[in-house]
Each structure stands twice: as C-alpha cells, then as structure tokens.
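Two complexes are shown next, each including subunit A; its partner changes from subunit B in the first to subunit C in the second.
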Partner chain A sequence: MKLGELARDLGWETVVEGRGLDRDVSGGFVGDLLSHVLAGARPGEVWITIQHHANVVGVAQVADLAGVVLAHAVDVPDSVVAKAREAGVTVLRTGETSFVVCGKLYERGVGRRTC
Partner chain B sequence: MADLHIHTCLSPCGELEMAPRSIARAAVAAGIDWIAVADHNSGEMAAVMAVAAREAGLAFLYGMEVQTREDVHVLAYFDDEPGFRRFAQVVDKALPERANDPAVFGDQPVVDLEENIVRCEPRMLLNAVRLGFDEVVEEIERQGGLAVPAHVDREAFGLLAQLGFVPVGRTFCLVESVRGPLPPGFGDATRLCSSDAHRLEDIGRRVTRFTVAAPTLDEMRRAAAGEGGRSAVCHVRKEGTR
Partner chain C sequence: MTRFVHRIAPRDIEHGGSASAEIKRELRAAGVSAYDARRAGIVAFEGEMNLMVHSTRGGTIEVDLRPGVIEVVVEDDGPGISDVDLALTPGFSTAPDWATELGFGAGMGLPNMQRNSDGFEIHSQPGRGTRVRCRIEREPHPASPETPPSSTSGADVEKAACEREPWEPDWAQDLGVGGAHGQTPETKEGA
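The block that comes next holds the complex of A and B.
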C-alpha cells in the first residue's frame, strides 16, 4: 500500500509532501529515541514518533524511510518543515496516539507477515 | 582541578548528605579547587553553594543540568549570578507541574548553609521541560552562559541516544562524556570529565585538569581551543558508568 493512500484513509494531515507519498510502505517502525530508529528502521518503512526535533528529518533521510507520522498532535516546528522540504522527506501529522496509529496500520496489513 | 557536575540534595536521587558545606569539604578532600553544582532543572541551591564554595576557598561556576523536551541532558554554566538567575527562571516556567513522588525519587529539599530545610520542591525535577534542545542551548547562550551536552556516551538522556546525531550546524567547545573519548560528530570539541556525583564519595571520581589564567567561562573556552598554552585534560580516577 502506498503511503499516500494510508494517509488519506487514516486522515493524516500532510505537513510536507516530500517524495514519499507514492512509495509502497514496506512496514512500520515506532520510536522516539532517534539512535534506536537509526539502528532499527528499514528502508521503505513508515515511522511513527512524537519526537519533533529537526533531526527527525535527517534520520528519515538516512534510513530511507517512506515517511514520518508525527503522532499525538505535536506542534511541528518551522525547522522541521524547512529541513523536510529541503530533503524531500514526507512528514504527516495526526492527533491520535502512536499506539492507535500503529494499530490502524497493522489492521490494514502494514508490517503483518503473510504466509 | 575541576569537578563541574555535582548534584546537591535537591536533585532527585541526590543523597541528603549532599549539603553545601559537605560538598565543599568533600571537594577539597578530593584535591579539587574548582566546582559547579548542576541540579536537575533547578538553580535553587546555587546561591548557597556559591557561599559554601567561597568559604572553602573553591572557585565556583553556576550550573544546572537541564532536561530538554527530547529528554536530552544539557549542562548550563554561568560566571555571573544575574545571567544564571534569568536562565533559571526560564527553565522554572517551563517545568511541568507534575508532582514529585518522594517514594520513587526521594524528597527534593532546598537547604541553607546550616543544613536547615528551607522548603521542598513539590514538582518532579527529573522531568523534561517544555523547551527543545535548540531552544535550551540558545537560551543559555543568550544569557551569557556556556552549553555543554552532558554524558553524551550514555544511553539514558544522552544527546546521541535521544537525537541520533549532533544537530547540523551546532558546535560545542566542551562536551561531557563518561566512559571514554568523545564519539564522532562533535568536531573539535574537547572532552569535559566530571563526577556527576549524587553522593559525597563520588565527588572527584572524574575531573578535568584546567590550565587556565582564571576559573571563568571565557578561560574554559580558550582552554578547549588550546589557546596560549591553556588546556583541559580529563582524569578518570574511578571508573563508573553513571
């Protein structure tokens, strides 16, 4: 499923469109410790976090993630928007908690193993 | 010889024995002649510590260990009390109202020189203030202070663990690490070693030997840059991970 479709279905606000909306989402990752995300997230995953320091954009870029979903209605600083625009990183936002966002993604098959 | 990261009894998990004169005495006994106390998100013990340090013949810097919104610990150092006070007020306003649970973190007493309890801080001090890492660093600098990322090689509350890497464009002349040399990403920064003591016996377990003209922030910056024969060299006397 494409990130753009998920964003539409789940009612996420698009903060920065970036280049991720057309990407197929390969899985999901949730975490607010950026070192942990850098070490564990895999390319193409959608990342759910409440962290909103500008370094979030750098991590999404380096880890080649499909996009970032900022949960819990966090305020997005201008520094994040500017960096994401520059880097082409997709940044989405929702008022729901990380837990609920993950649950809804899993329901739609994201990150679920198929056999 | 400097130990610039000591907690008083006000800090959560700081032992009650960490009273101003006791800290000063322990520092002298450890061969230290320059101290700073850095309580979590509070500057309430700074004034009385300045007096205790002066009494004991120790050089003193005003300090605080701030926990940013991203759970990064940053040390803030100031030469002058007015600048420190202004900074401390900003942090105080940004500290959430959540109550301290003494059963978990202990009481947070503000004490005077004679160890009388003046009051107990009711809010939980080991908590993130409502200011981001960049805002905290900029506020420290605006008030004339020096920002030093704390224990950057530690998993808990270290800059690299929380933020992944040093924010682009941000440089520090001094960076505190606990276990070993500074991790990559801090450019030309010089390592600062301090005890992070929460009990008397840990004071001086890690120290920095400064070769400077005077115990001031300006001289610290110059020592970090190695200017004119100045230097800042770490000495770890007792290994520890905290």
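The block that comes next holds the complex of A and C.
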C-alpha cells in the first residue's frame, strides 16, 4: 500500500509531502532512539516516532525510509518543516499514540507476517 | 579517488544529520549503489551525531571513494574517550540529558558504525581527540538480509514480511534482550 493511501485512510495530516507519498510501504518501525531506528528500520519502511527535531529528517534520509509519522500530536518546528521540504522527506502527523498508529498499520497489512 | 570533507559544529542540532544526508547524495551521484550509500550514510550519521553531542570544538567527516571501497573517517580534537572498550559496549553512553531527551545517547552509535562497516578502527586519547575509521567494501558482496526488496507491491510486501529475519543483532544479546518473537535460542534449535 502506498504511503499516501495510508495517510488518507488513517486521517493523518500531511505536514510535508516530500517524495514518499507514492512509495509502497514495505513495513514499519517505531522508535524514539535515533540509533535504534538506524539499526533496525529497513529501506522503504514508515517510521513512527514522537521525536520532532531536525535530526529526524536526517535519519529518514540516510535510512531511505518511505516517510515519518509524528504521533501524539507533537509540534513540528518550522525549521524541521523547512529541512524536510528541502530533503524531500515525507512528514505526516496524527494525534494518536504510536501504539495506535502501529496497530492500525498492522491491521492494514503493513509489516504483517502471514506465515 | 574522490574525497568529500564535511566540518561538523558542536551542539548544532538544527543542522544535525545534514552532512550525512549530503554525503549519501554525493556518493549516489558518484555512482555508488543505494545499498552502499545507505551504509556509508548511517556510518556518517552516527559519526556526525557523536561530533555534535560529544566533541569540544566539532570535527570533520572525511569520505574517500576508491574503486571497491568507501572509507569514512570521523575525527575531532577532544575531549577524547578514556575507555574505548566501554564506549564500544552496546547500550553504554555518556550523552548528556539534553541529548538523550532528543533520542541520542542510546549507546548504539559506535556499534552501529561498526555494524555497517567491513573494517573499523578507533583511536582515542583523553585530552587529544578521537579518530574513527570505517571501511565499507562496495557491492558486489554476499547477499545481506538488509538488502531491500527489489519490488514492493502488495503480495511482495507480505512475502518480504514473512522472509524478514527476526531482528536480533549481536548487541541485543549483549543487552540481554535476545530471543526475538519470544523464541529462546533453545526453541530455535529444536524447531
């Protein structure tokens, strides 16, 4: 499923469109420790976090993630928006908790193991 | 040989990660594969975060691109690491509170650099500085479980999820959190 479709279905706010909305989401990863995400997330996955500073954009870029979902209605500073725009990183936002976001994604088959 | 050098300022949160993203772009532009550029990008990012959080006066990330090899050297002139073995221990961190609140200081920076490199050297002297040298051998190399699936259509994504190895890196066992998916090593052997 494409990230844009998930964002629409789940009612996420699009903070920065970036280049990820048309990407097929290959799975998901949740975490607020940046090194943990770099160690565990795979290319094309969607990252759910409550971190909302400029380095989030850097992590999404180097790890080649489909996009970032900022949970818990965190505030996104203008500097982060500007950096994500420049980098082409898709940033989405929701008032739901990371747990609920992951549950809804899994329900839609993202990262689900059928075996 | 192509060389990129980036200067990193201390405590510069706003630009954190920018140099690594730029390095990844430069490598891709120079014809490096997505897989290798990602590994080098992660190595550079962790180095960049270390310089940003820990270094006294900032430092440099130097990337040398040679046939078959990418070398990333991260260097500063202080404060230095008094116990390098301890610093390499997964989960160990001396990051200050402001950094851990931002999600740094998981104690996985150096282990992540090591994990994404084929050769890793670290030299440090308290009061003098630290130099980390990472050698990344470029593709072709043996298939890695981290190689991204070539296609990500619906059925392929499900297949990829099934084929995805339980995530249990070496350091997870060091931290005593091994046994992904509730399996102990014993049950795996018996399966």
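By our rule, the second predicted complex is superposed on the first by the 114 of 115 C-alpha atoms of A that agree within 3 Å, B and C clash if a C-alpha of one lies under 4 Å from a C-alpha of the other, contacts with A are read in each partner's own complex, and residues count from 1 in each chain.
As a convention for this text, contacts are C-beta pairs under 8 Å (C-beta built on N, C-alpha and C of every residue); 3 or more make two chains touch, one makes a residue touch a chain.
What you see is a predicted model; the values in this text were computed from it and never measured.
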Most subunit A residues touched (candidates subunit B, subunit C): C
Touched partner set for A:Ser35, first subunit B, second subunit C, both or neither: both
Which superposed partner A:Asp9 touches (first subunit B, second subunit C, both, neither): neither
Contacts of A:Pro43 with subunit B and subunit C, given as first, second, both or neither: second
First (subunit B), second (subunit C), both or neither touched by A:Asp64: second
Contacts of A:Glu107 with subunit B and subunit C, given as first, second, both or neither: neither
First, second, both or neither for A:Asp22, with subunit B first and subunit C second: neither
First, second, both or neither for A:Met1, with subunit B first and subunit C second: second
Subunit B and subunit C contact sites that coincide on subunit A, given as residue numbers: 33-36, 38, 51, 53-55, 58-59, 79
Complex interface listing, subunit B residues touching subunit A: 70, 132-134, 160-165, 167-168
Footprint of subunit B on subunit A - complex, ascending: 33-38, 51, 53-55, 58-59, 77, 79
Residues of subunit C that touch subunit A when the two form their complex: 13-18, 20-21, 24, 34, 38, 41-42, 44-46, 48-49, 102-104, 106-109, 111-112, 115, 146, 148-149, 152-154, 157-158, 160-162, 164, 167, 169
Touch list for subunit A against partner subunit C, complex: 1, 23-27, 32-36, 38-40, 42-44, 49, 51, 53-55, 57-59, 61-64, 79, 83, 87, 109-115
